[in-house]
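First chain written, first letter: the chains are A, B, C, D and E, and each begins at residue 1.
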Amino acid sequence: MTQLPQTTPVSPKLPPRRSWAGRSWFQGVQEVAVPPLIFLCACVTVLTTLGIIAVLGVETVRFFRASGVGLVEFLAGPSLNPKADPPRYGILPLFWGTFVIAFGSSLIALPVGLLSAIFLSEYAPRGLRSVLKPTLELLAGIPTIVYGYLALLLVTPVLKAVLEPAIRVEFYNALSGCVVVGIMIIPMVSSLSEDVLSAVPRGLREAAYGLGATKFEVATRVVLPAGLSGVIASFILAISRAVGETMAVLLAVGVKPQITLNPLRSMETMTAYIVNVMKGEAAVGSAEHLSLYAVGMALFVITLVMNIISGIILKHFREEYD
Amino acid sequence: GCGGCGGSASKPVVVDGSSTVYPISLAAQEAYTNSVEGTPRIIVDYHGTGGGFGRYAEGEVDIVDASRPAKPEEEEKARASGFEWTRYVVAHDGITVAVNPENAFVDALTVGQLRSLFEPGSAVDSWDDLDPSWPDEPISLYTPDDDSGTYEFFVKDALGMDGQREDVQPSADDNVLVSGIAGDAGAIGYFGFAYYAANRDKLRAVPIKADADAEPVSPSVETIYDGSYAPLSRPLFIYVKDAAMGRPEVADFVAYYLENVADLAEEAGYVSPTEDERAENLDGLSRAKGGTPAPAAAE
Amino acid sequence: MSIEQQQRPALDASAPAPAAPAPAGDSVLAARGLSVWYGSTRALRDISIEIPRHRITALIGPSGCGKSTLLRCFNRMNDLIPSFRMEGGLEFDAEGISGAEVDPVTLRRRVGMVFQKPNPFPKTVYHNVSWGARINGYTGDMDELVERSLRRAALWDEVKGKLHRSGLDLSGGQQQRLCIARTLAVEPEVILMDEPCSALDPISTARVEDLMEDLKDDYTIVIVTHNMQQARRTSDMTACLMLDDPRGSGHRPGVLAEFSPTDVLFTTPKDPRTEAYITGRIG
Amino acid sequence: MYRPRRARRRAFGALFAGLCLAATLSGVVVLVVLLGSVLAKALALEPNPPWYALGEQARELSSFLGRIATATNSPNPDLAGFKAGIVGSLWLLLLVAMIAIPVGVGAGLYLEEYAPPGRLRRTIQTNIANLAGVPSIVYGILGLVAFSRAFGFEAVALGKMLWAGALTLSLLVLPIVVITTQEALRAVPSSLRQAALALGATRWQVIRDHVLPSALPGILTGTILALSRAIGETAPLLMVGAANSILYPPAGPSDYYTALPVEIYNFATLPREEFRSVAAGGILILLAILMSMNAVAISLRTPTGRVLAGRAIAQLGRIGWTAGRAVRPSGRRPSPALDPAGGGPASDASPENQARGAEPR
Amino acid sequence: MSIEQQQRPALDASAPAPAAPAPAGDSVLAARGLSVWYGSTRALRDISIEIPRHRITALIGPSGCGKSTLLRCFNRMNDLIPSFRMEGGLEFDAEGISGAEVDPVTLRRRVGMVFQKPNPFPKTVYHNVSWGARINGYTGDMDELVERSLRRAALWDEVKGKLHRSGLDLSGGQQQRLCIARTLAVEPEVILMDEPCSALDPISTARVEDLMEDLKDDYTIVIVTHNMQQARRTSDMTACLMLDDPRGSGHRPGVLAEFSPTDVLFTTPKDPRTEAYITGRIG
C-alpha cells in the first residue's frame, strides 16, 4: 500500500477522466512516512521496558560487586544497615514493611471495593451509578503526596487519640499507611470489578431471575462467581499498586527497617528506602547508593509478576464470554 | 553534568549539603533575593554534609553547607577533581537533645548516659534503664541519618564512639525528626539547635551535664556563644568553590551571605559567629576574589 | 433444515385432533388493556389476550412489534429495566400480578422462562439444574429431581455421563434443553419461551419442538417465534402482533392484530396485515 | 417439597444491599472528610472567622490561596508560597503533553491500525499493559540514570533540568495514553473504515480524515487523565532532581526547577504547624488544577462535549486540509446554489468557504 | 411494504424487454474456481461466475452461505480480515486482481461498495460526497460533482437545502442514498451492494430500487439480497449460493448452486436446492 500508481487506469467504455489528478506528492509523503513513524512510537514503549531492565540490571550487578553481598544474603538477610561496620544489606525488613502495607491496605480496600462494585453494578440505578463511579475514581486521582500529608495530619492523630495511652502509637506507623493506601486503592477494586461484573452477560442474570432468585442471590451466587476471575485480577492490580506506592508510605510509615508484628510501629517499605537513599547522602557510586537499584530491581520484579498474573487472569475472563 | 544548561539562561548558584546549615542558606537565599533587583538564580538543596561534598566533587554544587569540617578524604577528592574551596564559619550550633514535652521526668542527661543510650548494641530500651528513678516506659530514638554531619559530630566528636545503635528512626531531614519527637511521648533525639529553636513549643531540650558532677547546661544562644554548652557545641560552615567566585552571581551572593551572616544565623535560629570569625570570613572572601578587598570590609 | 425436518408440517396437519385448541374458557395468563412504555416511547398499545391452560400459544409478528416485551410482562422480567412502565391489567390464575404488593420473585418461580440464546450458568450440568430448586428451598431428593428434570427435557441420556462437567461444554441445542430442564426443576406452571430455537440448528430445533409437544400436558407454554413454519407446527393458538399504523414520523407501538387458533390464523386470517405478514409480503 | 423461606431471603437481601450501599458511601464520605480536613487546615492559618460566616471564610481562603500562589519559598510561613512550583508543574505539564501525546497516540495508532496481528503486536501489547503497572519510583530510577546522567555521557546528561523531569513523567504516562488511544480507536465503528476504504482511500487517508477525528474526544479524555496523573507525581521527581528551595520560576525547559507536589512534600515535612497550613493550601491549588482537568475530561464524555470537541477538531482538520491542499491548484469559489440555504449554522459552513476562497486559483 | 410496493413486481414483469439479460459475452468481473477460508473454516468452495457489464446481478442464498464474502472478494475488502485466505482467480476487466502486485486501493475506487447499514461519515452531506473524490485527486469543479452525484442518487432535491448539515441527520433511506451518491462521486465502474435495503422501510426501498434501475446504463451492479421479491424485481441475472451438502458435523462452505437470468431462475430453476430455497422451504 506504500507505492501508489499516479494514474488511474481508464476503462474503454467510459469517457477519459481529465479531472482526476491522482494523489498529491504531499499525500505520497504521508503514506510513506507515517507507518515507520508510528512504529517508532510503539518502539518507545518497548525501549522503556528494556531501559528499565538494563538500568536496574547493570546497577544491581554493580551493587553486588561493590558491596560483596550475596544474592541470598541480600534477599533473605534479616537486617538492613548500610552504615554499620560491616554494612548489612538484608532487605527482608523492606519486604516485610511492603508486605504489611499491601496486606493491611488490602484488608480495607478489597472488601469495601468489592461491595461498592456489587452495589454499583447490581443495585445502583443508572443515574446514581454515573455519579458515584467517577466520584470514587476521584479517590484514585488524588496525588499520593496528599494521602501522605493526611496520614500525618489526620489518621495518626486519630489513632493516637483513640488508642493512647493504652497502646503506644509511634508517630510514623504502619497502620496509618495501611489506612491511607487502602483508601487510595479502593477505586481500583471498585472500578475494575464493576466493569467486570457489568460485563457478565445479562442472559445469566435473567436466567437466575427467571428461576425465582432474589437480587441478593443473583448478585452473590451468579454474577460474582461468573466474574470472579476478573475480580481477583482487580485485587491483584490493586495490591500491586499498594506495593509500588511511595510518597504516602514515606510520609506515613517512616524509614525504619524493622520486622515487627506491631502495626503501630514504624517500618520501611522498598519504595521509601529508594527515596530515602536518594535524598540521603550516600555518595554516587557507593555501595549504599547502588543498593537503591537492587531494591528497585526487586520491586520491579514483584510488581511485574503481579501484573502478569492479573493480566493472565483477566484474559481468561474475557475469553469466557467472547 | 549540565552541558546544555546554557540554553535559556546562565547557570544558577547551587547550594547543597547539610540540613543543619540549610536554614541559614535558605534565609540567605531569601534575603539576598529580596535585596537585589530582578530574580537571582539560587538553588538551595540539602542532602547532608557528606552528600553535599560528594556532589561538590561531581561538580554539581557551588557552595557546600557543612555541619562539620571536611574530612581529609573529602578534601582529597575535591582537590583531585580540581575544585579548590574556601571555608567560612557561618554560625555556631549546639546539638540539642530533645524529648517530647509530655516527658517531665528527664531533668538532665550526662554525657555518660547519652553514650550508654546511643552506643552500638545498647540494651537501653526503657527510661528506667538510664535512671532507675525514671518510669519503665519504652524509649524511641530519632536521629539524623547515619553519616550526616550532625551524626558524625555527635557520635564521634562529642561522645567519642565509633557508631551508634541501629534501632533508631534515622532521617536526613531534621524536620522529620522534630515531627517524630513532637508526636511521640517516649521519644528522644538530637539535631541542630535551630530546629529546636523553631519548635520550642513542641519539644523540650534536655540540659546536658559534661560529667556526673557538673552543672546541667541547657542549650541557648548564650551558652553556645560562650562555649559552656559542651561538649555538644560546634561551628557550622559553608565551603565555596574558588572557581565559582569568578561568576559574579556567586561572588555577589557569597559576599551578601557573609556580610549579613550574623543576622542570617540568628534568623535561622543559630548563634552568630564571633567577631573574629566574621573578620576572618571577610579576609578569606577578598582572597578568594583575587585580592580585591570586599566592599563591606571598607565599611 | 434437513429433509426429515421438511416433512414435519405435513405430519402436524394430518393429525390436528389432539391439539384441538380450547379458545377462552380456562385461561391461565391474561393481559387486559395492557400498554407498555420504555421511557417515553410506547412499545405496546392496549393488548388484551388470554392464554389458555395446557396449550401452546405462539406469538408472531414483525421485528420490534413487542413480542418479547409482552412475554416478559407475564413474569415481570421487565421490572429489571429501569425505563419500563406499564398500564392495564395482568392476571395469573385470575389474580392480578402487576401490583407492587405482588412479589415478582415468587411469580417468576411459577412462570418460568427460556431465552433466545441458551444461557446456562458457567457451572456443572448438575448445578445448573439444581440451583433454582435449592434457592427455592427444595427439600426433596436433589439427585432425583435433577434426573427427572433432565429426562423431561429429553437430555438425560446425552448428559448422564457428564453431570459434573460444565454446562458450557454442551452443544447449543443441548444447552437450550439444559435451560429447559433447569426451568422444569423449579416446577413452574407456565413456561415462557422467547425464540428458543433461533440459535439452534434444524436437528436441535426438532428436538425442542418435540419436547414442547410432550410438556404441553402438564405446562402452559407461550412461545415467541419468527419462524412461521414453527408456529404452525407447534402451537395451538397464535397471536399476531403488528406495528401500529404509522401516523407521522413517531415511533410505532405494537398492537394485537389477531388472536386465533393456529390453523384458522394461518389458513383464513381475518386481519389483512396478518395475511400480508404470514405470506411474507411485509416484515 | 419447596420451603422458599421468602421472608428470610428478603431480609438477607436487604441487609446485603445495605452493606453494599454503606461500602460505596464510605468511599464518598472519606473523600469528603479528606477534602474537608485539607480545607480546614488551610483556613487554620488565618485568625479564624466563625465557620458559619461562609462569605468571610471564602474571602479569607481566596486571599490566602492568592498569596501562596504568588509567593515563593521562604523560611517564614507567613511569606511562603508555591509560585516556583506552580510554574514548574505547568512547564512539566506542557512538555509532557508535547512528548507523551504524539508518541502515545502514534503508538496506539500503530497497534490498532497498522500492526499485523502476531507475535510482535502481542508482545508490544503485553509490554504496555505491564508498563502501566510499574511503580512510579522505578520510572524515577530510569529517569535518573537515562536522562539525568545519560548513562554517564556528560555531554548529553540533563542533570536537574526540567527536561529530565518531563521526559521521566512522559514515559510514566505513556502507557496510559497508548491504552486509552487504543480504546478510543476501537470504539470507532468499523463501518466507517469500510465506507472510506470502499471509496478507494488509503489506510492513512481513512485514519487521518475519519478514524482519528471520531476517536479524538476519547483520546483527549484519556490523555487529560494521564496528564493529571503526571502533575500529581512526586516520587520520580525527587529522583530526577526537583530542587528543595528555588525562588524563581524556571525560564525554560533547560532550567532548574521544582514542582508543586515536591514543594508540598517539603512543606508537609516541616515541623512548624504554620507550614502544614501552607502545605494544605498547596494541596488545594493542586486539587483545583486536577479537578478542572478532570472536569474537562468528563465533559468530553458527554454528548455536548463531544460535539464541541468535534467542532474544534473539525476546524483544526480544515486548517490542516487546506495546508495539504494548497500544494495543488484545484477548486473554485462555491456556486451560490451550494451555500447553505439558511439551513445549516453559519459556523459550520463559513470556514469551509473561506478555506476554499483562500486557495490559489 | 406499502400497497404501492406490492404492485411493482407485476410492473416489472409486464416490461421485461429493456432488461433483457446478456448472459456471458462482455463480463466485467469474474471469479474462477474461487475458494475462501477464514482461518481454517472454508466459507466458499470453487465458485466460478462472470458478472455481465451494465447489468444488475443479484446474489441470493441462505444466511451464512458466503454471499457477502463473495461480494467483498470483488473489491478485495476481505484483505482487511486477517484470517482471510483465498485460492483461485479473480478478474476485473479481464485482468487478474487477486495478486499482491495489484493495488487494492485503486481497485476499490473502480469497484465501489454500498453496505447493509447506511454508514455516512459523521460529517456534512457535502463532505460525505466530496471526500472520496478529493482523496482521489479530483481536480474538476467539486460543487458540480457533488450536485451531479446527489442528483444521480435521486437525493438532490431532498438535501440541496442542507448540504452543510450532518449526514447523520438524514433519515435511514436518505442516508443510504447518500452512501450511493458518495460512491458515484468517485466514478466507479462497478457498484457492489450488500443488502442495501434491509435496514430501510418499504418506501425508501422502492426509491433505491428505482435508482438501481437508472444506474444500470452506466454501471455494473451486483446486489446481495435476502428478499426474493427484490431480486426478481431488480436484477437481470441471479446467482443462487447454497451451503454445500453436509458431510459429517463440520462446517459447510458455500457453493454456487445456480447462475441464470433472473426470470429463468425464478420460474424454472434447474437446481432442486435453488427451488427449495426460493419457494421458502429451506433457509
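A few notes on this one:
The rule is simple: a residue touches a chain if its C-beta (ideal position, glycine included) is under 8 Å from a C-beta of that chain, and two chains touch if they have at least 3 such contacts.
All figures in this text were calculated on a predicted structure; none of them were measured in a lab.
With respect to chain D, maximal separation of chain centres occurs for C (centres as means of Cα atoms). Set against one another, A-B and B-D show the most C-beta pairs in contact at B-D. If you average the CA atoms of chain B and of chain C, the two centres end up 86 Å from each other. With centres set at the average Cα position, the gap from chain D to chain E is 46 Å.
Note on chain placement: the centre of chain A and the centre of chain C lie 48 Å apart, centres being C-alpha means. Centre-to-centre separation of chain A and chain D, using mean CA positions: 18 Å. For chain E, residues touching at least two other chains, in rising order: 105-106, 109-110, 135-139.
Of all residues in chain D, those touching 2 or more other chains are 4, 9, 202, 205, 269, 328, 330, listed in ascending order. Contacts with at least two other chains are made by residues 173, 176, 179, 182 of chain B. Put simply, chain D touches chain C in their complex at residues 1-6, 9. Residue ranges of chain B in contact with chain D, taken from their complex: 1-9, 12, 14, 22-23, 26-27, 29-30, 33, 39-46, 60, 173, 175-176, 178-179, 182, 195, 198-199, 202, 267-268. Against chain A, the residues of chain E that register as touching in their complex are 53, 93, 103-106, 109-110, 135-140, 187, 189. The residues of chain D lying in touch with chain A in their complex are 4, 9-10, 12-13, 16-17, 19-24, 26-28, 30-31, 33-34, 37-38, 41, 102-107, 109-111, 114-115, 123-124, 126-142, 144-146, 171, 174-175, 178, 202-205, 208, 225, 228-229, 231-235, 238-239, 261, 264-265, 268-269, 276, 279-280, 283, 286-287, 290, 294, 298, 324, 327-328, 330. Listing the residues of chain E that touch chain D in their complex gives 75, 77, 80, 82, 105-110, 112-113, 115, 117, 119-124, 126, 131-132, 135-139, 141-144, 146-147, 160-165, 179, 182-183, 186.
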